[in-house]
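These are the structures in question, set out in turn.
Same chain, two partners: chain A is paired with chain B first, then with chain C.
Showing the complex of A and B:
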């Protein structure tokens, strides 16, 4: 009995870094759902989807220390995959005439379609990873960027199935704030389970020192490939959510702008911890939302004051610069959030307390 | 049981595996870092490897652990050719090493440093953690288990490096200057620790070291290298009186500058 309770408390303790990330998100979703305007609700939903994106990036980038610029390619792959399965049964045979017969005349239910799309993104990550995961450092960044370009160019010219550069419209929009919340929580749990797993620890060892990691029997290629695949699948989920949140799909939604915005969120929050990924999305989303409002203008008594358009991007750039100059490890600085909030009691990625060396 | 109960003497007649390098040559462009070097290491002995800076000691360790392909020569473990194995595969075969530059996983905890080294054996995280904790206790590092490896002082850092190498459950540990930067007291502790390794962990040790006190106290056999060649091999007493060794260390010829851009 006591043993069982201890065991439960032990598990609860191990889960705190995750719970302390998820609970505030649940509260935010609740508040937005109860009291927020439609605009606020949409913003919160979008931020939750962004959490899936950045957590997906974090799984690979944060644990491996290798910068991948190709993550959004997997979002695109999954977004189109779910669209092919669920979208516009009337128009599909005409506007996407290049689709295989069975897809042209079939509409798949949302959940299996999403699953298939996520699996496809994971598969694409695995296959491209077979080549890309042999690279390190700058070569890896350039290689993954090339992947993003390849997918972008392919999809924007593959007119018969993607409608080329024009948007696909009429995608069913089933993504509510609750579905986005479930996905964000799910991706956080997946990322956490990965980072406390053997493979996660091994990957963080390769991040610290590639040579030493090999010398203790770690295959850099294999550990990175696994993380890249999981990361690709989570990003695929984010792509599915985007498609069914906006109801519109165009290949340029998943290109440079999203790549760099999501990477900025990871950098600002802190690449070295899962908490950093979440905190980065939340803080930058707040800033973006604030400046969007200010750009639209607010009434001060009789006069309407507004910031010039583009100030939001400017402020983001300034925040990025400040972080890079003064706090390179990001807001969270490699630490997970723990309970109780004792200061100077950082926790390593596996939830283990770090003590100061004597 | 003390380590003195074990048979001593020449390499032949030892139980366990044998790691052998024969005629190993490594050329970097025009520079010959190694030319035709032999080395033999049994699973229950401690062999010292000494030589001036740039003699090729680290390069030899890199060859034995798969980080450097030999231009020529053989590397064998119990008759098995190792030359095409990657470093992580050699670690799985039981050849482990420490680094001259430490190379700990600095932002992982000390415990995690050891834990991660046990994974290739296929054990669970919990088993790896138990092994790590036991090792930390044996190396007297338990107090630092939860510290990040990057926060340790030099002496402890070296010891964690040894612990990490041992956590791979090796047959052979190749140590690249584990005593560099240590004070006399720390060196003595280190010698005691290293001397106990063959009996305690069942693995042979190749010890590269500039500190002769450490070498003479820990090793039963010493190999001397200079300019990429083996110039002497034998018991400590014979080595310190060997004329060629004295010439290499105290002779007029200046040692090659240390460094290069390899793995240290």
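Showing the complex of A and C:
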């Protein structure tokens, strides 16, 4: 009995960093659903989807310490995959004439379509990872960037299947705040389970010291490949959500702009911890929302004052640079969120030391 | 034969622009391990300095209204100052950061500059003609060559010669080469880091200004993203040619231009749009097989 109880407490303790991230998100979704305007509800939903994106990036970048700039490519792959399966049964045979016969005349239900899309993104990550994970450091960043460009060029010219540079419209929009919340929580749980798993710990060891990690028998290539694949699948989920949230799909939605935005969220929050990923999305989403409002204009007495378009991005870039210059470890500084009042400051759940940022 | 030569001219003139960009990126990377994506935005801002900030589609001339010698000098000055300010404000505090962090910070700078242009000029592309003399066609041995292509090639070759002379024969040039070889050792021997890096940025700015003028003269359109596209190719060209090796960087630029132009000619029409993917895939292959690029620099630990 006591053993069982201890066991339960033990599990609860291990799950604290996850619960402390998910519970506030649930509250935010509840509040937005109950009291928020449609605009607020949409913003919250979008932020939750962004959490999936950034957590997806974090699974690879955070644990491996290698910067990948190709994450959005997997979002694009999954977004198009789900669109091919679910979108516009009437128009499909005409505008996407290059699709295989069975896809042309079939509409797949949402859930299996999403699963297949996510699996395809994961597979794409695995295959490209077979090549890219042989690179490290700066070369890996460059290689993944090249991957992003390859996918972009391919999809924007593969007219018979992707409608080229024009947008696909009329994708069913089933993503509500609750679906986004479920996906965000799910991705947080996946990321956490990975980072406390054996493979996750091994990967974190390679981040701290590649040579020492190899010396104790860790294969850098294999652990990175695993993380890259999981990360690709989670990013695929984010791509699916984007497509079915906006109802519109164009390849340039998943290009440099989104790459920069999601990467800055990760950097600002702190790429060393899962909490950093979530905090980064939340804080930058708030800033963006504020400046979007200012760009639309606010009434100051009689006159309407508004900032010119583009100022939101300027602020974002400045925040990013300031963080890089003055607080490179990000807001969370490699720490997970734990109860502030535990007497013994627990070693972060993965058992890793925090000093790496120094 | 004539057709073949035509392709060669296209290849060399496209490669020239890439070479100027990749040389700027390679020069800075060699010294401080920074891949400067903002190089493309130096070009963009150089082009926009020809215009006065205005929201309308009709361009309002600013530097572009001046007589051309003055215009060239001022555009170059604007971009050089911009490059120096960028270095001072954004990159100097990050000098000891990891290369990947520096790469991310240069994304931030590039994003900032692009959106600065949008705030000042809106994101609408603007048409601008830099005189009619340069849009003529010259007849050489039966070949019809746009004079701007010829100008681009001549200017590029002149600049490449001038820069290698500068690096070889001036004290600052010598210090730059020493820093590219081994920055720490160079500093221990009394090379001033700030001076060398500022010098590299000044050259990068100068080249950026030249590219801005050539590009505007060639296309007649000024667009917010024009420079960034160029920077992407220039950057990948640097990787292919060899990061840290200046000859490699310039060669990589010409090579990427040549491959693009040749693929454009030999690929069947329905595959042609995908030709850029070939260049990008080549980057990955080079990184895997020959990580130091085609012309490997002598010092170890590059990309």
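Heads up, the rule we're going with is that the second predicted complex is superposed on the first by the 341 of 358 C-alpha atoms of A that agree within 3 Å, B and C clash if a C-alpha of one lies under 4 Å from a C-alpha of the other, contacts with A are read in each partner's own complex, and residues count from 1 in each chain.
The rule is short, and it goes like this: a residue touches a chain if its C-beta (ideal position, glycine included) is under 8 Å from a C-beta of that chain, and two chains touch if they have at least 3 such contacts.
This is a predicted model, so every value here is computed, not measured.
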Open item on the list: Quick one: is A:298 in contact with chain B, with chain C, with both, or with neither? Answer first, second, both or neither.
Closed with: neither
TODO: State whether A:308 touches chain B only (first), chain C only (second), both chains, or neither.
DONE: second
Task: chain B or chain C, by number of chain A residues touched - done: C
TODO: Tell me which partner A:290 touches in the superposition: chain B (first), chain C (second), both or neither.
DONE: neither
Task: Partner chain in contact with A:10 - chain B first, chain C second, else both or neither - done: neither
TODO: Tell me which partner A:27 touches in the superposition: chain B (first), chain C (second), both or neither.
DONE: neither
- [ ] Please write out, lowest number first, the residues of chain A touched by both chain B and chain C across the two complexes.
- [x] none
TODO: Would you mind writing out the residues of chain B in touch with chain A in their complex?
DONE: 65, 67, 86-88, 91-92, 96-97, 99, 103-109, 111-113, 115-117, 119-121, 124-125, 128, 143-144, 146-148, 151-153, 156, 164-165, 167-168, 263
Open item on the list: Going by the contact rule set out above, which residues of chain C touch chain A in the complex?
Closed with: 33, 35, 90, 93-94, 97-101, 103-105, 107-109, 111-112, 114-116, 118-119, 122-123, 228, 232, 236, 239, 273-274, 276-277, 280-281, 283-284, 287-288, 291, 303
TODO: Report the residues of chain A in contact with chain C in the complex, numbered from low to high.
DONE: 66-67, 131-132, 134-135, 137-139, 141-143, 146-147, 149-150, 153-154, 157, 256, 260, 263-264, 267, 308-311, 313-314, 316-318, 320-321, 324-325, 328
Task: Touch list for chain A against partner chain B, complex - done: 196-198, 201-202, 204-205, 208-209, 211-220, 272, 334, 348, 350, 352-358
